[in-house]
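Look for chain A in each of the two complexes below; its partner is chain B in the first and chain C in the second.
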Partner chain A sequence: MREILFVLLSFLIFPGFLFTAVVGLLAGWVDRKVTARIQWRVGPPWYQNFVDFFKLMGKETILPSGAQKISFLLSPLIGLIGITLTSFILWEMNLYPVRSFIGDLIVILCLSIFPSLALIIGGSASGNLFASLGVSRETKLMLAYELPFVIAVFTPIVAIRDIRIGSVLTYQMNNGMMFTHHLSSFIALIVAFFCMQAKLAFVPFDIPEAEQEIMGGPLIEYSGPPLAMFKLTKAMMLFALPVLLITVFGGGMRFDGIQALFSIVKYLIILILIILVKNTNPRLRIDQALRFFWLRMFPLAIVGFIMALIGI
Partner chain B sequence: MSQNRKTIIPIGPYHPLQEEPEFFELSVEGEKVSDIDIHIGYNHRAIEQIAQRMTWDQLIFLVERICGICSTSHPIANCNAQEDLAGVEIPERAKYIRSIVGELERIHSHLLWAGLAGHFIGYDTLWMWIWKYREPVLEIFEKITGNRNHYAMMKPGGVRRDIKEEDIPYLKKVLDEAERKIDMITKAVLDDPVLAARLKGVGVLTKEDAIKYCTTGPVARASGVAIDVRRDDPYAAYGLVEWNVITQEEGDVFAKTVVRLLECFESIKIIRQCLEKLKKVKGEIAVKIKEMPPGEGKGRHEAPRGETFHYVRSDGSNNPVRVKVRAPTYVNLPTCKATVPGESIADAAIILASIDPCYCCTDRMMRVVNKKSGKIELDGSKLIKLSQEKTGRLRREFGI
Partner chain C sequence: MSLTTFSLKKSIWVYHLSAGSCNNCDIEILDCLTPRFDLERFGICLVGSVHHADVILATGIVNRKCLPRVKRIYEQMPKPKLVVAVGTCACSGGIFARGYNMAGPFDKIIPVSAYIPGCPPKPEAIIDGVVKLIQSLNGKLTRNKTNERIR
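Let's turn to the complex of A and B:
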């Protein structure tokens, strides 16, 4: 009984939902603040994202008349659960590498697709023209970035010939960070970084949501708590996905002594890089994005993979 | 439902980005736009009707309010028209001041557009930076006219305010600073590979089409049609200073961006020369127009968006009998019929914006006729009646 309660608590509070949500919203604030400073603006106070979230929670939920009500309302939950589980498993592995099981990375990769799927389901269910355009773009983009992402994330696994995240972490604990240690992992990290930018739907890959073209795409009909959940999902992704990259390529998040500070610095560096890429590029067209992932990132990922196979 | 029914994507009636009332109907197949239809007229303010009840002096203030961005273009064109009617020549000093204000406005308008164009393709940093660098131009305006917008500098027969001798060094300093920043941003825009990928070859307006659609301004010049009222029919000080007409041959969105950015430097060149001349040329800044003879007057001005045309007719009385305004967007807007079909929805937004549209300038009034009865339901006189009723109601309410 106590075991179940403990698992439930760790899923809901630490390192599961609450922890990821709070840090994610704070990361969202860092994004807004740094973006604002880059653009000669002042930027919001640190609690702005929390206020926005609670405000949306208190707003009315409007159901469009042509919508499939159940899938329209359930899809934000799917996304939220997916990203919560991703973050939860990831942190469990980071905190207790021994609990790692065979194929945990596959589980994480599958779960991390859930937010995109939720967007697709919700957008299609809303029955809006702009939403369906956004959904078609999101689907195309997913087909483009998922394959290089999976190959890139698997490159370190191939390099050390063990499929558990725990082993990758232990290996890095003994030998130093993956991407400094193996050239193949360094290439994979570059690929994974750009795929993550697309997964987060940030400029230059915010094509599905392109507020200036299709006004938010799949999110156009959402209001109130479901919209809040989508926003929260996105904020949590901003926390969980960089942590996935750090776990696989960058030595993991460790909290023993000076390593704790080092972990936070690693996360902040990746976050700032994401924000910089976001703020120094215009949005690509969907065909340009597909070309980028299929003709540039995919071959690069394959090269990294082969290098890992032959042990570079 | 027929087999080849098209999906219509609406942009408007309230544009989500340009925040102006217009309505584009995009017929799309997948992501590709196959046809476009334009509806305007949501923001008609009956300026031409109101103008007939204004005195000649008041008229300038009215036309200044046609547009907030090119708010000195309409007054210059209207002053030209009134001076043409009255047959007066303005003093030389007034000419230079007119050109300075007109060119400053061109810089601020082109920078405003470039920033918005960045926003339209999701490049918000570019938007914020350009608008930040537009600030010195507005500061110059505040210094010499007292306002950041709606400068109220023009009047029939000259200008309303003089540019003081002691302000000129300051203006030059701010201008140098602005030029450095515009230079930096221009280089950044022209060298950015992602921007080039996004804008080059998009929404091409061929030279033939540009001529066929009677385009004006940067839209025409980006398609290789070298027309510019300032050179072709010099007014103000444009015949007295050295400058070039910028043209590009490609006709795509990138070419339009290049034309606008490079024109900023030509404008700075003109302003510098005018400031130098102001030091030497002294004297009156306006001549008094005693009375308006009966007749017609035409005035043109190269606004940032293209040629603005004003026509006035007088019967010798205190106010005009007819005022006609043709804003540049009115002729530039239909070009999207040639540029948008065949492009994707993602590009449609920036192509539509690339003509630097100003719907307020463009809106035209049509009569609303009931199809069944043939009765006119709404026209100019009915709108005026509605307006008068509302004024009466407000007067009663507030007891004025």
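Let's turn to the complex of A and C:
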């Protein structure tokens, strides 16, 4: 009984929902602030994303008349639960590497697809023309980035010949960070970084949500609490996916002594890199994005994978 | 003041509704979001869909072609909702007040909370109007209070 209560509490509060949500919303603020400074503006105050969230929670929910009501309202929950579970498992592995089980990385990769799936389900349930355009683009983009992402994330696993996150972490604890240690992992990190940019749907890969041409894409019919949940899911992804990259390639998040500071710095570096790429690139068309992932990133990921197989 | 009202005051998402304007007011609205004035520091940002918005920034006389669309867009907006009329045309009709095609001004069609006159109004005037609107929200606004006066 106590065991169950403890798991439930840790799922809802510390490494799970609340922690990820708060840090994710703060990371979203860092994104907006750095963007503003790059554009020579002042930028919003630190609580801006929290305020946005609470405001949306207090607004009315509008159900479009042509919508599939159940899937329209349930899909934000699917995305939120998926990303919460991703972050929860990831942090459990980081805090207690012993609890790692065989194939936990596969579970995380599967769960991290849920937010995109939720967008696809919700957008197609809303019955809007722009939403269906966004959904079709999101599906194509998913087909483009998922394969190189999976191959890239599996490269370190192949390099050390063990499929548990715990053993990747212990290996990095003994030998230093994966991407400085193995050339194959360095290549895989580059691939995974661009795939993460697409997973987060940030410029240059914000094709499904293009604000200026299809007005938010799948989100166009959402208002009030469901929209708040989608925004929260996005903020949580901004925290969970860089942590996934740090766990697999960059030594993991550790909290003993000076390592705690180092972990935060690693996260901030990846976050700032994402924001810089976001702010210095125009949006690609969907065919350009497909070409980028299938013809550039996929061969690169394969090269990294083969290098890991022969042990470079 | 409840958390929702506080949040609403700190995070106003505006939807830009152009109902037959000459584009000058629209350009001035976009000016407010540029680095010189930077309305994002008050949490104000422009959204593409009226379902996400809290405030409609309405410009232009409402001509007969626009009339049903204006009503529909206002009805599609989630409560609590506010409308700001930007520019002389939107406030009173301006030089088009007696035009054959005039169905507005806006306050004849949908409830308007703030008027910003000027042809076009300066960005400072638009910011001033929005600030006054935010101040007038103080605790008065509840979910059901916005009146549904659509003619």
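Criterion: the second predicted complex is superposed on the first by the 312 of 312 C-alpha atoms of A that agree within 3 Å, B and C clash if a C-alpha of one lies under 4 Å from a C-alpha of the other, contacts with A are read in each partner's own complex, and residues count from 1 in each chain.
Note that in this section a contact is a pair of C-beta atoms (placed from the backbone, for glycine too) under 8 Å apart; a residue touches a chain by one contact, two chains touch by 3 or more.
Keep in mind it's a predicted model, so treat the numbers as computed, not measured.
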Which of chain B and chain C A:L129 touches, first, second, both or neither: first
Which of chain B and chain C A:D206 touches, first, second, both or neither: first
Touching partner for A:I286 - first (chain B), second (chain C), both, neither: first
Partner chain(s) touched by A:N175 [first = chain B, second = chain C, both, neither]: neither
Partner chain(s) touched by A:M215 [first = chain B, second = chain C, both, neither]: both
Touched partner set for A:W40, first chain B, second chain C, both or neither: both
Common interface residues of chain A - those touching chain B in one complex and chain C in the other: 39-41, 211-212, 215
Complex contacts: residues of chain A adjacent to chain B: 35, 38-41, 129-130, 133, 136-137, 203-204, 206-207, 210-215, 279-288
Residue ranges of chain B touching chain A (in the complex, touch as defined): 7, 9, 16-17, 30-31, 118-129, 132, 192, 194-195, 197-198, 344-349
Chain C contact footprint on chain A (complex, rising order): 32, 36, 39-45, 47-48, 51-55, 57-62, 211-212, 215-216, 219-224, 227
Interfacial residue positions of chain C with respect to chain A in the complex: 3-4, 6-8, 10-11, 35, 38, 40-43, 47-49, 51-52, 54, 76, 78-80, 143
